[in-house]
Amino acid sequence: MADDFPKTPLIDELEKGPWPSFVTEIKMAAKDNAAPKDLLGLLEQSYDEKICHWKHGGIVGVLGYGGGVIGRYNDLPEKYPNISHFHTMRINQPSGWYYSTEALRKVCNIWEKHGSGLTNMHGSTGDIILLGCTTDELEPTFQDLAKEGFDIGGSGSDVRTPSCCLGKSRCEWACYDTMAACYDFTQEFQDEIHRPAFPYKFKFKFSGCPNDCVASIARSDMSIIGTWRDDIRMDKDAITDYASNGMDIQKDVVDLCPGKCIDWDGKELSIDNSSCLHCMHCINAMPKALRPGTDTGACILLGSKAPIIEGAFLSSVLIPFIKMEPPYQEIKDLVEEMWDLWCEEGKNRERIGEFIQRMGMGNFLEEIGVEPVAEMVAHPRENPYVFYEEYYEEDDEEEDGD
Amino acid sequence: MADDFPKTPLIDELEKGPWPSFVTEIKMAAKDNAAPKDLLGLLEQSYDEKICHWKHGGIVGVLGYGGGVIGRYNDLPEKYPNISHFHTMRINQPSGWYYSTEALRKVCNIWEKHGSGLTNMHGSTGDIILLGCTTDELEPTFQDLAKEGFDIGGSGSDVRTPSCCLGKSRCEWACYDTMAACYDFTQEFQDEIHRPAFPYKFKFKFSGCPNDCVASIARSDMSIIGTWRDDIRMDKDAITDYASNGMDIQKDVVDLCPGKCIDWDGKELSIDNSSCLHCMHCINAMPKALRPGTDTGACILLGSKAPIIEGAFLSSVLIPFIKMEPPYQEIKDLVEEMWDLWCEEGKNRERIGEFIQRMGMGNFLEEIGVEPVAEMVAHPRENPYVFYEEYYEEDDEEEDGD
Amino acid sequence: MATFEWEDVKIEVDEDGFMEEPDVWNEKVALALASTEAVDELTEDHWKVVNYLRDYYKQFGIAPMIRKLCKQSGFTLKEIYDMFPSGPAKGACKVAGLPKPTGCV
Amino acid sequence: MATFEWEDVKIEVDEDGFMEEPDVWNEKVALALASTEAVDELTEDHWKVVNYLRDYYKQFGIAPMIRKLCKQSGFTLKEIYDMFPSGPAKGACKVAGLPKPTGCV
Amino acid sequence: MVDLKNRITDIGPPHYEQFLPPVIKANYGKWKYHETLKPGVLKHVSETGDAVITVRAGGSRLMSIQKIRMICDLADKYCGGHLRFTSRHNIEFMFTEEEKIEPLIADLKALGHPVGGTGPGITSIVHTQGWIHCHSAATDASGIVKSVMDDVIGHFEKADLPAKCRIALACCLNMCGAVHCSDIAILGVHRRPPTINHDTLRKQCEIPNVVASCPTAAIKPAEVDGNPSVEIDEDRCMFCANCYTVCPSLPLNNALNDGVSIWVGGKVSNARHEPMFSKLAIPFIENNPPRWPEVVGAIRNIIDVWRGDANKYERIGEWIERIGWPKFFRMTGIEFEKVHIDDFKHAGLTYKRSTHLTY
Amino acid sequence: MVDLKNRITDIGPPHYEQFLPPVIKANYGKWKYHETLKPGVLKHVSETGDAVITVRAGGSRLMSIQKIRMICDLADKYCGGHLRFTSRHNIEFMFTEEEKIEPLIADLKALGHPVGGTGPGITSIVHTQGWIHCHSAATDASGIVKSVMDDVIGHFEKADLPAKCRIALACCLNMCGAVHCSDIAILGVHRRPPTINHDTLRKQCEIPNVVASCPTAAIKPAEVDGNPSVEIDEDRCMFCANCYTVCPSLPLNNALNDGVSIWVGGKVSNARHEPMFSKLAIPFIENNPPRWPEVVGAIRNIIDVWRGDANKYERIGEWIERIGWPKFFRMTGIEFEKVHIDDFKHAGLTYKRSTHLTY
């Protein structure tokens, strides 16, 4: 079959060079499947014309779910009939992206049967992306996968597939069990993942420590980032080892500490833990000598997102510290509380970060019943435009709302 | 006359304590003048009732000028008839607030004759404030002062009285002659000071170095702040003296340098001048050892103001460095350029800082013919909402404006 | 664009089976479209949802947010999925002849 | 509030001599007010300014910005000060019977 | 009638040169370095070898001509008839003979004017008119300033703080005292929406300007009793008084609700840290004339905590930046409240967007 | 017809535990420290004394099931049938025997997958669909990524940079690659306002939503040929494509005008500096498929300049913060232009509000 591949001189260039080539991957899949073959042709045409050939939108799915499938049609269906439908399915990855080869092969087999044989391992939210099939194959693919224990992830105005760093499974710094929490939240919110009912999407990401290896502070409406409250654990001998192995502790650790709370007298390292900002740097630099404390938990932040529409946001602190223990009820209650508010008052396509900013964080906190604390702000307000909420009337004895 | 003073038990409390008392001042003036006596009564009443007794506005002035006088009437004219009119005049102070006693005494005499005998030395823009006279006395006061060489300052939507630090007159750090420049600009813009024609006020302040002793970066629409381009001058012996006198150069100078460009090996101080941010700290800390370079001039910044209405602004860089030599033509041309634009397109009560922000600094620069440079920004844009100004049409050979 | 036929109904639909010309919608068309969305018959409840969607769309020019749909129609989201297995956007809006929902994907 | 009399004109004015009841303005009143602002007679040019101010105020409910006044009336700011020595705000607006300008002090 | 022809106008201020003390004139632009002989007394040395002594005395800003003449007497006695004021309305006496220092200080003391205000201490408070002259004031200016200075005068006379501490006061949000960049700022605040005088509004105010003046769009045109007027959505009012500035019929002043807020951590100089805005510390303290003890106490507390914890050269804002705002609130005992969280235009940027926290 | 009753739904993902390699399962939560044996090879040591070796291989993200099976073969051969992917779609092989390292690396190499991506270097580029699957793309994703990685693979394999350098790509402003916080970001941009298909708009789009979608209010409802539609003020359009997202009849894709912009200095981790947004470096580079040499060159230049000047641990944003943006532009030779100056909501805060300048 290989010889009836379309001529693709442009994208063939991308088979050269040392980095793994996606074009080679498509060609591999094209050996046994007509869809990737058409994709090669379409892509070559895009490369030639410098424009994509996919049409906007497409609303397809599986029964009982409102999300998880991205419908896609090309605009040259006569020319590329095998990808005239080319929908992708988002399959909820297991926590930490661990697989047995057995499970992975099953996914491959199902996708061989129903789809293009192309995947993204993984999409940037974290799902397994099964790249391209026809409308008719959606439901069968889904049911075959379900039988092997896999389910569809989020898309649309719903909870998006949560993801997490590998946490305690292989990282000594994990301040809570990210994989467990991610699994737990995913199960808890199955309905919200599958049946969009929000003003817009809502993402959870779980990182075990402030290094934030799933970029939760930048990419999730709720960022759950591990941290600790007590003292950094220290192995003095290991510090001495680092020093004698030539590490410039003053320059590479002390001078870079943002809390300015480490001292190094050439022999002993001392940390003023009350000023430590829990940035991880000293620990990162000396993993054999330093570790987070043992009174661990998470800092919960809200609101990050890409720029559409108010500009990009980073998440900001909602709860400076909370213990992370199943069933995480306090957090879940809070989540429900704020979803209620956001669903009630949020505008269409308004992420929760934008919503908070529009209504004012103070008002938001009041509505969800969280006390304001100074940890929530980089600094208090600079402008004097304060909505003092009460004033006295001349004939009042009492304070009066307005 | 002293014994017919009103009873003022509350404000009398403010005659106690070590700091000079304004109440005592008013009483001093009240010995010979009915207006301050009424002021004591009115003030006591304000202290008792916790509210002021001055009415809004008042539009009075001298002939030929549209500003420089703040009209003021109290709301109890029957009770306090001697201050039923109580207008203040803003008299343009000499550069650097230097006086001969002779000149000052003349001002006192004129104010004794026409006004309340009360002053502010000085108002927070910098004027001599003559505090309180009647409408009829405005013009005579003005003309008497004019005969002694004094003129009225700004108020309303005009150029406000420029002010400056004492600069070269007594400060070794002045990077240009602030007093000369302030005087020159004041003379140049007499018409604009006296006859309001702008959308709103416009303030100039001249500081000789980045210490900014007239707070120009916070309080003037155009801030002209001295700086230098070459190397900090250094007296090595004087450094040694500081060190041997117990100064902790590492902690108090090196560690605080925001450019992180000073080194101190315990004996010699070295500065990487190409990284120096011209913050003045090292010089401030060791005035006998360090001085600004000799290739001096000014950095020109635009737009600071109090919060009404868009929030407070600090001035931001327009020209990173310019030599300051009379007649400062380049700067004046630029000023005229931007006034033209602002007057044409500015909204009522829109300061130039707000105007720039509304129209976009890039557009503003384009209109006034200044090239954008990286020194103007703290950092380039973070959002991708770029107004690319041209695009190609399918049948174009050329670029096309839209 | 394709032509979709069901009983005596014959309408133009896009790839997703949404009507190309919403103006030609009528109750029979609704039945026809329902058949493609795993809806066997249109009960009174179905019509309540469909009519609410059409009214809202006529008045505001947009489809209601899902929360609003539930609140106003009195059905839970689950009930709506029971009625329209492919959901309010793909299922109910299609049957109601509304333009294809966008953006929320 | 005080009463200001000039020839047969008798109007209520505030402390600054601005009219309390702008509705009773007429050309005679303008002359009367002019006399308080070091304006001896109202020439054609004066009327041009006064009428422009009144028209603008009637149309927009606000006084024009000074720049606009100059542009539209064709006088330079200096010429306006020559005509109305106490300036456009205190002089011309008062004569034109406009409310007292505020804010720009 | 005024003689319009022969009036002198547009001459500008007198040229400064005529006022310069001779040693200043002779060494203009030639200064080499300075030292502080003691708080309030500076010595500047010129390339020429000349030196000038400066004695800085605290001014009250509001001065009678009587007092100015007394000050002139001293300037005649010690300084050959020259003197100057500083950008924070202190009075400076300059001369060349060191032996004049103590007698001058004694004379100043006798006159009630302390010497100081230089170096790492507190200098005079930049302030505004208050109940002395402004219609907009939510508090008095001079009275609070006097009360605070009476309390902190030790730091004026001794310069015994970690760094300069610039205090400023403005009696309303117009901020004529430019308190937005001060180490400690005292700001008069209204807390009751404007009352509308419909009767006068019609005559006094330009309704389109009034409507446009409100940054939160709380004001709408309305007909009241058949006359054009405005109505105000009180929930949207944040008491900026911009409407009052453009319309006398919308006063915000209200004895029961006006008071003072306290702001910290601003700075102007470029030394070390870039200039910074002041941030809200205490949202509201009731007016308590004649001596505002709660305001005085609040400022004393902030200064003491700062003084006890800051490093040398660390201004209040720099200190807080090092320790973090949560610690500032913990250490000063000031309560963090909802209103501390910004909700104006750039609010989002003030939220804490990292996990850099202390516990 | 589907059997609606017996369908399996809402089961969520498989539980991770079943997939953990035995050594991981046994030492879950007990890890003590790690070390890097060589780039791409980590060794984590447990409190129990156990250790696990991880070999990280670069993934292409877009993978065929054929390739996945080959990878599975390797995991069967070396790792008892376990493997994982990282948050940047690399592939990790874990086992306990150090002697397996080199054979595995050799097998991976044979398969075309380099080993690396750990430590202070470059790891795989987070990216998006581009011309492979999205309707909104202003550029391709996989093609640029491949071209850039071919060029920088040395830093993937060697970890020879001052600090981590995270590159990301998004093919339109929706930023599915979340490029807003990357050391280097490649962002597809449209530069031509939407063309309006009046014919289909009427049927396909909810006009009130379309109008509301535009952040600059460039879109107004309009009647065209008797039908409801919209009109667009092209001068106000900044090409965000939000209107296109809500309305298929407003495509922005345009071969002549689409291209790529480059952003720098973002970061996500809290290590040292708080997380930072990426900032605009190069406003526009034309699409030049198949290998986008100008983009590759621009990135190479930025990396080289950074590498030559930065201190250890200094990520690009931290480095620029130290040297200042003017120096960044001077050193990289990138031209500073009008569009670098922000003009969106918080623009004022991005202006340089001090005299902290180098010359």
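By written order: A, B, C, D, E and F. Residues from 1 in each chain.
As a working rule, contacts are C-beta pairs under 8 Å (C-beta built on N, C-alpha and C of every residue); 3 or more make two chains touch, one makes a residue touch a chain.
In this text the structure is predicted, and so the values were computed from the model without any measurement.
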_Which chains sit in contact with both members of the pair subunit B and subunit D?_
E
_Tell me which has more C-beta contacts between its two chains, B-E or A-E._
B-E
*Check the residue numbers that subunit E and subunit F use where they touch, and answer same if over half are used by both copies, otherwise different.*
same
*Approximate Å spacing (C-alpha centroids) for the pair subunit C, subunit D*: 66
*Find the geometric centre of each of subunit A and subunit F from their Cα atoms only, then give the gap between the two centres in Å, rounded to an integer.*
13
*asked:* Can you work out the whole-Å distance between the CA centroids of subunit A and subunit C?
replied: 33
*Could you tell me which residues belong to subunit C and also touch two or more other chains?*
38, 62, 85, 100, 102-103
*Using the touch rule from the top of the page, what residues of subunit E touch 2 or more other chains?*
2, 4, 173, 175, 180, 209, 213, 215, 240, 245-246, 248, 254, 270, 274-275, 277, 344-346, 349, 353-356
*Which positions in subunit A touch two or more other chains at once?*
56-57, 63-65, 70, 191, 210, 217, 225, 258, 277-279, 307, 310-312, 314, 348-349, 382-385
*Chain pairs in touch?*
A-B, A-C, A-E, A-F, B-D, B-E, B-F, C-F, D-E, E-F
*Can you name the residues of subunit B that touch subunit A in the complex?*
307, 311-312, 382-385
*asked:* Going by the contact rule set out above, which residues of subunit E touch subunit F in the complex?
replied: 270, 274-275, 345-346, 349, 353-356
*In the complex formed with subunit A, which residues of subunit E make contact?*
173, 175, 180, 187, 189, 191-193, 215-216, 234-235, 237-240, 254, 256-257, 261, 265, 277-281, 283-284, 320, 322-326, 328-330, 336-344, 347-359
*Mind listing the subunit A positions that touch subunit E in their complex?*
210, 217, 225, 227, 229, 258-260, 274-279, 299, 301, 303, 310, 313-317, 320-321, 353, 357, 360-363, 365-366, 372-388, 391-394, 396, 402
*Residues of subunit E touching subunit B in the complex*: 2, 4, 7-16, 18-21, 24, 28-29, 31-35, 44, 52, 54, 58-69, 72-73, 75-76, 81-87, 89, 91, 94, 112-114, 126-128, 130-137, 140, 142-143, 146-147, 149-150, 153, 170, 173-178, 180-181, 209, 212-213, 215, 240, 242, 244-246, 248, 251, 253-255, 258, 268-275, 277, 287, 289-291, 311-313, 344-346
